[in-house]
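What follows is a group of structures, each given as structure tokens.
In the two complexes that follow, subunit A is the common piece, with subunit B as its partner first and subunit C second.
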Partner chain A sequence: MIKRGTISPRQVFFILIMLLTGIYILILPRHMVTMVGTDGWLVLLVGGLVSSLMLFFINRISRKFPGKTVVEFAPVVMGPFLGKILGGILVVYYTFLAAVSLRIFAEMLKSVLLSDTPRWVVVLALVALITWIVQNGLEDIARFTELLAPIILLLLIAALLGDLRYMEAIRLRPMFQTEPFSLLEGFISSLSYFGIIIVLLMLYPYVNAPKKLTITSLLALAFAVIITMGFFMGTVATFGIYETGRMAWPVIELVKMVRVGEFLERVESLFLSVWLSIAFINVSVLAFCSVSGWTQLINAENYRKLTYPIMPLPLILKSLAQRFIGCLRLIQVEFYLWFRYYANNTAFHICS
Partner chain B sequence: MSAAYKKFLLLVLISIIFLSGCWDRKEINQIGFAVGLGIDKDGDDYQIITQMALPALLEGGGGGDEPPVWVVGGKGRTVFEAIRDVNTRSARRPFWGHLNVIVIGEEVAKDGLIPVIDLLSRGQELRRSNYIVVAQGKARDILQAQPKLESINAIFISQLIENRTGQSVAPAVTINDLLITLSSSGIESVLPRISALGQESFLPPKKEAGGDSQEGEEKPKEILELRGAGIFKNDKLIDWMDEETTRGHLWVREKVNGGIIVVESPSEPGTNISLEIKSNKSKITPRVENGKIAIDINISSTFNLVENTGFVSVESEATMQDLRQRASEAIRREVNKAIKKAQENKTDILGLGEHVRVQYPEMWREIQWSELFHTVEIRVNTEAVIQEAAMTLKPITPPSQRSK
Partner chain C sequence: MVKKSDKAIKSIRQSRNNKDEKKADVKPISTDLQVNLENIKEVFTNCSDIVFREFIIGYQAPVKAALIYVDGLTDKASIHDYILKSLTIEARASKPNIELNLDDTYKWIEESTISVAEKKRVENLDDVMSGFLSGDTALLMDGWNKALLIGTKGWASRGISEPDSEVVIRGPREGFTETVRINTSMVRRRLHSNKLKMEGRKIGTYTQTDVVVLYMDGIVNPKIVKEVHKRLDGINEVDSILETGCIEQYIEDHPYSPFPQIQYTERPDKVVAYLLEGRVIIMVDGSPDCLIVPTVFVQFLQSPEDYYSRILMSTVLRWVRFIGIFTAVTLPALYIAVTTFHQEMIPTNLALSISGAREGVPFPALIEALTMEISLELLREASVRLPGAIGSTLGIVGALIVGQAAVEAKLVAPQMVIIVALTAIGSFTVPSFAASIPLRLIRFPLMILGAIFGLYGVMLGWIGILVHMISLKSFGYPYLAPLAPLRVSELKDVLIRAPRWQMMTAPQFRKPTEKPPKSFLRKPYVKNSKGAVKND
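Entry: the complex of A and B
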């Protein structure tokens, strides 16, 4: 058994917020508006509440098997065969998430900053970067998350406040007009959005004070729910539901409008660098979960060696999502998968 | 790790600092900053006019009579083709990130904004917070006018829009506002009107005596006025509002922030009192009575007494009461004008439908608001509060008028 690094609950708090606020914040308002119109905030709130229940289970089960990740304790609970299958599903899920996130990261980097750079250069450079980061272990990832996250959070909140002058409450109404079926659809989507907290299952053994984690993770979830609701309501109050539904990147449009006083405007490049940091943290954490998950699944000695075969996966995915639109579709597939694993996981927890 | 390897690594790290750069950069002397954009129609084609800032002349200070902007146009079947057409005449690629204002020609507005606005909402460089105005006449005339004070005319226009609080007789509309009113149900669009004139509009028209104009060299217009607004049905300009009607519209939209209302003095007929508008609140309450929609508009506003042209002080309780009455009457008159204009044109520029939609969503799905709006009964209640007069307590009174 190799020595595992240790991270503090505070670092977990920031990692979770970054994962939950995540890459999808940029498109979340549009996604919600097309499904549930002005009721997105409600759907997010309920999704967050249900996720907190989920979080409670994650904490309980992980506490029962101290020092073990879900991939390691699943065979103990469910028997070797089923346990391996469940572990496998989760690991594939993390890998898939990591790959898709890396794709979106690269896509955004390309379209915003490096528009004339060939796509493969961007993707290759990112894969190399992430490989290097994963090699260095979770401790490093946690440390730079702790460093960046507070700045990122402050800037996110500032972006919202800077747009207050354009917001009108009437655009958030009428409420509660959505069909029950769409509401359910939106709810599932929001559940899958927050479902990424199952990453915590992989982080648990690394935390040096696991007892504090219940509170910490719940706080992180609450914070993330508030931020996502804030961005949803801010976007809709600024643009109205029709315009929000028409935009490719509603949150970027929102940030483009920011104007503080007569001098502070055109801050979207700052915001994009913030967002790129979020994406970077997301990809790092997910890639780490994926690589260490594979290691534990096949009982390998050292996860470092496994990094090399696993990390080029996003390159293969490249052919799956050749074009950007394809990439957006993948996100929807992902939302769906997210929910599926979520449901699986809940069932498993209730069983144990 | 050997020492040589470490040195090599250090060298690589240091060189990163110096070797980095943007190989797809655009140097500042290769792009032209477009500060104003005008869109006109020529038959079925679009003509665009851009104002490009000439940085060299801007720095120079007194560069003579030459304005530091260059007005250049392009033509095409779509706005974008027209914009690209500019490149055949301009050595520098126009950069749109610093655009100040977009002027829509009257003809374009009458034919519909949607073909034009689509590009403006998609553009990477263009911002949704840009102001948009509609020209009376050609947009080209507006952008070619040479007003004083500000050497760049597009900046002049955007400052006119921001200074509108002086009178509140024109709305300020950004691309974002326009896109929202175009896409929302229950509200129609309004754009401020700008016109280029040879002289102030209140002066008697100059006699076009042979002299200047006959020589064929037309002098650029010197006065730009931002007054009134164009009203739209869907995306088409159908009518204009004068200043009072525009302010009536702004009262309802809660967008009046400043301006003067002149009322006759209650204590001394024939003299006037100027009241400065300090704040404006409006509340729109739709109700359904016997299956019919009726709308209550409550407007309250506070004023400062800033000018009394008469001799008699109005600061007694009774005259103040009377003055409040007159002020609220003045607001009501303006609002009623706006309502009348909107209902005559059957276009809900006041956004009353939005309130019906929010309050009665089930009913909203069944009615056709655009068919119904002009028949709806609208009741206006106004209320005015007058704060005590600014720095002086009493008006100027000549000795002969003073009561001993």
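Entry: the complex of A and C
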């Protein structure tokens, strides 16, 4: 069992930013563009605002049960049976998220960088490292995030700024022309995009100053919304909605255009290293949540022993989808699952 | 963890039991001088360096006495002048103003005839023996069941000289020597404070090496001192301690890690600086190095000179070292990855010239790099073993002639020679030799990863290194400390070297209760200089 109260609010801040601007940002612009066209920024903004409400709830309810994760306090609130089921859903959800993140990253790596290397070799190496850090504990994950997150964020912002010269504001128009139903669809999708903040429910008892967390997590969300909107608008302003909708990895395409001076071009390999660290952080946080959640679900003492049987789960899950299209379907399933969860969660809040 | 601590407790208990047994075994000093001498002589048969000198004190009621000392470990002149002379000649001349009671005689001898500063009364033979073995002179007298140990330590030792491994351009040239007393005196000379504590102990069943633990009381976190003592207690049963390195291996947290978790230094000024930061220093007799605990990684990138030279320059030098480390670890791997996988990253002209130079080279980049790096390591090891003058010749032969010939024979591309030379130079920028060793080791797996996965592999390798470094701890303190976990206020001694007047806030090693000294953001005498302007 790792000690409770070992990570600082600042570390949580960076973890949340990494989760929110993480792997999904790679496909987010295309996803948004196909649903709501140029109005993606609006949908993202509203989604962020609504998520902040949810963040508020998360903070409130976690503070009511200090030192307990959601898997532990759900049975107290909702009775043993329902509570276990909710905990189970959540834990499955974390495992699933980890699998999908891994899958998206592997897919991107294969199509952009290492086209001839077998996918499982690439992923296995990464999963081995993740297993290692999950064994070392959340404290190490948090430190790792804290060490790399500022550099990653700087590079991401630098990539956006570096592409400013290709962007044209006219491509962002027309605005507010989307039909209400598609807007709703996009809104749900953006909600589920930011919905990853429910990871906070699992991290809460490990934070040493929980009182600061409300502000910290809201700040992290705000920061993430800005970066996400920046990337969405940057992609659309560079490529226009039709191009963006057809690209497999719009953000990677955006990054490809960055040039350093007149001599260093095609630096996307460097940015892939950035996304590798993002993927590493994301999957290890999610894997930690999943593993410790399973542990608490079955009331086991030490989560470390459970790591080895559980770590292959994302591997198996992610290979469920055979091709790229399958991968997309996985994401849709995930969005759907998330929506169900969200409904559940609201009910849960009303209950308490 | 639990198992480990159980073991530690067990071993401590065992050692305690052993100590108790020893106490039971202790031989008392007999009142008969001859019995004592025979006992000691029996223990020290075939030890030609132990000197027994028997003589008689006084003439009215003469007392038989004997001096025992080790030839070579003692200062002969002081034995002659201040012990033998005063006990034989001068004691006869002065008339004791007491009645001739034997007990009083011994007291009188002990208190007023021996004119040596240090003396200690001991009550059993074991203490007598360990006393004279460490350089003191033992005085035994007939009819007295105690003995005196008189401080006459004095042996040939190396003079104080500049430490070769930690050279500075600006700063003191003094380095520690092999005698622990001289070393502690060098620290005390720089730190005239009653808070400087030096706790001595002996480790090693055979060597009985003197080990001194230094710390600043009131600054140090008492937990660290306790932890150091606990770990030193754990190695009481070790046969021998020959150098600080032996202790280091016993007490460090992760002995199988390539990264050193305890720093050593030969420089007294560095020791004083670290003492004032609240760290614990361990000195060992017979070694010019002393250990600094706890150690964090960034410490290996700081040289004492940084704090003596001017602010801007030392900040720039810090960054030069960062670049040096990055080069030493990653450059060959990056070169392999980029030339094998990501040729599109290289500017076109450069790519053309690289491929032109590589034409005719029969090996893939990985083999080429491995050969060169291994030959570099060969050169390095060979030049360490050779005497100085020949060492530089080897450098010329190895680097210039072999390198040139290898390029001309088309065994390696000239770019590879540049890369390898740069890695070597990069690893030399690390001020501490101990820290440059892991960098040399890590390079090889990174190169192989780079050859398999390209940049992805290099990055995977770096993530692995970071995961490992983050999990390391030195005496309970995270190894990558001011970086991860991040302590923004301490970054001013990592990313930059802030002005001295801004570095007064306490580092994490201090006692938690201790209030940090006032930090002022301006140069302290600025206020006064305004007054000076008025005077003008």
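Following the convention adopted for this analysis, the second predicted complex is superposed on the first by the 333 of 352 C-alpha atoms of A that agree within 3 Å, B and C clash if a C-alpha of one lies under 4 Å from a C-alpha of the other, contacts with A are read in each partner's own complex, and residues count from 1 in each chain.
Here is the rule we go by: a contact is a pair of C-beta atoms (placed from the backbone, for glycine too) under 8 Å apart; a residue touches a chain by one contact, two chains touch by 3 or more.
Note that the coordinates shown come from a computational prediction; the quantities given were computed from them, not determined experimentally.
Q: Mind working out whether A:Tyr166 is in touch with subunit B, subunit C, both or neither, as first, second, both or neither?
A: So A:Tyr166 only meets subunit B here.
Q: First (subunit B), second (subunit C), both or neither: which does A:Glu185 touch?
A: It touches nothing on subunit B or subunit C.
Q: Contact-wise, after the overlay, does A:Leu129 reach subunit B, subunit C, both or neither (first, second, both, neither)?
A: Only subunit C; A:Leu129 stays clear of subunit B.
Q: Between subunit C and subunit B, which one touches more residues of subunit A when both complexes sit on the common chain A?
A: Of subunit B and subunit C, the partner in contact with more residues of subunit A is C.
Q: Is A:Glu253 contacted by the first partner subunit B, the second partner subunit C, both or neither?
A: first
Q: Quick one: classify A:Pro174 as touching subunit B (first), subunit C (second), both or neither.
A: In the superposition, A:Pro174 touches subunit B alone.
Q: Under the stated touch criterion, which partner chain does A:Leu109 make contact with: subunit B (first), subunit C (second), both, or neither?
A: Once the two structures are laid over each other on A, A:Leu109 reaches subunit C alone.
Q: Have a look at where A:Leu147 lands relative to subunit B and subunit C in the superposition and call it first, second, both or neither.
A: second
Q: Looking at the overlay, does A:Glu243 come into contact with subunit B only (first), subunit C only (second), both, or neither?
A: First partner only, subunit B.
Q: Have a look at where A:Ser273 lands relative to subunit B and subunit C in the superposition and call it first, second, both or neither.
A: The second partner, subunit C, only.
Q: Across the two complexes, find the residues of subunit A that touch subunit B and also touch subunit C.
A: Touching subunit B in the first complex and subunit C in the second, residues 114, 117, 265-266 of subunit A appear in both lists.
Q: For subunit B, which residues are in contact with subunit A within the complex?
A: 23-24, 97, 121, 127-129, 176, 179-180, 183-184, 354-355, 357-359, 361
Q: Sort out for me which residues of subunit C touch subunit A in the complex.
A: Its residues touching subunit A are 341-342, 344-345, 347, 453-460, 463-464, 466-467, 470-471, 478, 480, 483-486.
Q: Along subunit A, where are the residues that touch subunit B in the complex?
A: 114-117, 166, 170-171, 173-174, 177, 238-240, 242-243, 246, 253, 256-257, 259, 265-266
Q: Spell out the residues on subunit A that touch subunit C in their complex, using ranges where they run on.
A: 8, 10-11, 109, 113-114, 117, 122, 125-126, 129, 132-133, 136, 140, 142-144, 146-148, 263-267, 269-270, 272-273, 276-277, 280
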